[in-house]
Amino acid sequence: MSEREQTLSEFRHFREKMNEAILNAGHLGIKRFFTLDARTYEAGALDAKTKELLGLVASMVLRCDDCITYHVVRCREEGVTDDEFYDACSVALVFGGSIVIPHLRRAVARLQEVPAT
Amino acid sequence: MSEREQTLSEFRHFREKMNEAILNAGHLGIKRFFTLDARTYEAGALDAKTKELLGLVASMVLRCDDCITYHVVRCREEGVTDDEFYDACSVALVFGGSIVIPHLRRAVARLQEVPAT
Amino acid sequence: MSEREQTLSEFRHFREKMNEAILNAGHLGIKRFFTLDARTYEAGALDAKTKELLGLVASMVLRCDDCITYHVVRCREEGVTDDEFYDACSVALVFGGSIVIPHLRRAVARLQEVPAT
Amino acid sequence: MSEREQTLSEFRHFREKMNEAILNAGHLGIKRFFTLDARTYEAGALDAKTKELLGLVASMVLRCDDCITYHVVRCREEGVTDDEFYDACSVALVFGGSIVIPHLRRAVARLQEVPAT
Amino acid sequence: MSEREQTLSEFRHFREKMNEAILNAGHLGIKRFFTLDARTYEAGALDAKTKELLGLVASMVLRCDDCITYHVVRCREEGVTDDEFYDACSVALVFGGSIVIPHLRRAVARLQEVPAT
Amino acid sequence: MSEREQTLSEFRHFREKMNEAILNAGHLGIKRFFTLDARTYEAGALDAKTKELLGLVASMVLRCDDCITYHVVRCREEGVTDDEFYDACSVALVFGGSIVIPHLRRAVARLQEVPAT
């Protein structure tokens, strides 16, 4: 990433610290949403790898860098290869247009931080 | 679909008529985009079924009913089952929030028009 | 509404029919989201009227006509007056820009269908 | 346009009727926004034709069909040719991606309703 | 906030410096928009606190961190409690989906910087 | 720019490095999109200056700071004056609403880095 971007470690630290603050606030609806969100990517009729690719493309077309970071890491954990990653990105790019390009750059930078398993 | 929505046949008719008008206008950049768009969903590192599911989820989180109609039909052609469809929709719904619900309703109405093969 | 728009009765009929089809499909994550969504607008630290105004403004800046219809009706049920409605719309309009105007037109048309209680 | 779309005449009738209702409601902030919006497209450092092309491309990438209809008509009044229209659309298409295509179809249908002067 | 985010003081400094540059440029339409924007949140049919909550939720579903920072500070000035803040956030979260979560994290970090009065 | 923003030089360095990584990955669809994107802003029925103004306004209403930086620099190269820049921004601001303001601030900061030719 560029010098001004968060490192993966900074991203994780801030994410965990704030998730804890949010859940400790005790709002039942927000807690339920966080639980539901976590379960959404568990294998169902579709396997976990496919669902992470869906999460990655949704992150890119909606242009959320934090979501991209999260799903790039999870895609790697589910065994997504570089070629599969770029093929998914091509759908996001053509679907979402050139405005996706800056996010694609940051997605590739994250991919380089997380080697294929 | 509701009485005021386009039927699948009306959708296809308008789509083909206008695509023809657009391509006949002779703008090279627009033509190239249409060609690129068509090729994006061909099997590559990911198979065609997975790429159609990516297209479906992108359509739903970006809330484009015409895109949803197109990808529901293509998902069916690639053998997507009802359970796989709903599992993909659950990702779109949790990712995009309740604002996706009206589009989910129309997606399901389209799904009912296009039986599983 | 214009002749080509759904009437409020058509909107409700399609909404109920499709919600039933979605819930009958039996996807646990989708069901939980629908339950969570319904509970979100119940009185908590904020009263139900304020939460419906939040839903109305979110619908307008995200430009979802079905969501607008739903929250206009619910705002009326919670006693929102015409003046309060327009004051909330002014926030949505300045926040979201002129692209909100077509949705404001349809919101006002719905408001006229649902008299103040 | 397709049979289910508003005709240009229906669009104008609904637009005028609802704008009148909105302005009659007497909310000062909303009135000021409408005045400001109208003046935005008057010639300044940029001429009116260029500003209408800016409005057209903004309408397309933000995917607002009513805004597209309005700016297609205004572009024609400012002397935009078919070739200029398609060249502007190519920017919107590559910028906004394939999700712009359904709106491009409806933009071209509107263009065919409003002949070059 | 994370080490790479702007502090509240940096945010304010940059905001004031650039607002001054923008207004000094002398474009009448831009000046009028800034005036209109400031007046939008003044008490009218709705009180200032409710309007700031509307601004906060609009900021979150449109995912604008600078707007969130501004409205979190203003919410505090209008006496919004932690519980009211989280209740408003739950509407934004369910409405806008998991893509709102990264912005919710930053909103809560800002809230911690601005104690309740 | 604020101390935490990328400098223009950092932006260019990261952009070039990552574009190279993306193109070296060898995905044909992605390569074609990058080629198409570059050609989109070449003079056609509209001149290059007008097309860069279209790109600038699209960047602002879609709220992409990297795209804004790119098009501000290109606008300057095509001879766009300060007054023309602000006139284009006024369209983006009224079209996209107050949520455009934070991006307008950063656009003006970039403009100050790139003097008129």
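Labels for the chains are A, B, C, D, E and F, by order of writing; each one numbers its residues from 1.
Throughout what follows, contacts are C-beta pairs under 8 Å (C-beta built on N, C-alpha and C of every residue); 3 or more make two chains touch, one makes a residue touch a chain.
Owing to the predicted nature of the structure, the values given are computational and were not obtained by experimental measurement.
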Contact-richer chain pair (by C-beta pairs counted) among A-B and B-E:
A-B
Counting shared numbers against all numbers at the contact of chain E and chain F, is it over half, same, or under half, different?
different
Between chain E and chain A, distance of the C-alpha-averaged centres to the nearest whole Å
26
Chain B: positions in contact with at least two other chains:
4, 27, 29, 33, 36-37, 40, 44, 58, 61-62, 83, 86-87, 90, 93-96, 98-99
Residues on chain A engaged by chain B in the complex (per definition of touch)
36-37, 40-41, 44-46, 50-51, 53-55, 57-58, 61-62, 81, 83-84, 86-88, 90-92, 94-96
Hey, which residues of chain A end up touching chain F in the complex?
1-4, 63, 82-83, 86-87, 89-90, 93-94, 98-99, 101-102, 104-106, 108-109, 112
Would you tell me which residues of chain D are touching chain C in their complex?
4-6, 10-11, 13-15, 18-19, 21-22, 25, 27, 29-30, 33-34, 37, 40, 58-59, 62, 64, 66-67
In the complex formed with chain D, which residues of chain A make contact?
61, 93-100
Interface with chain A, chain C side, in the complex: residues 27, 29, 32-33, 36, 39-40, 44
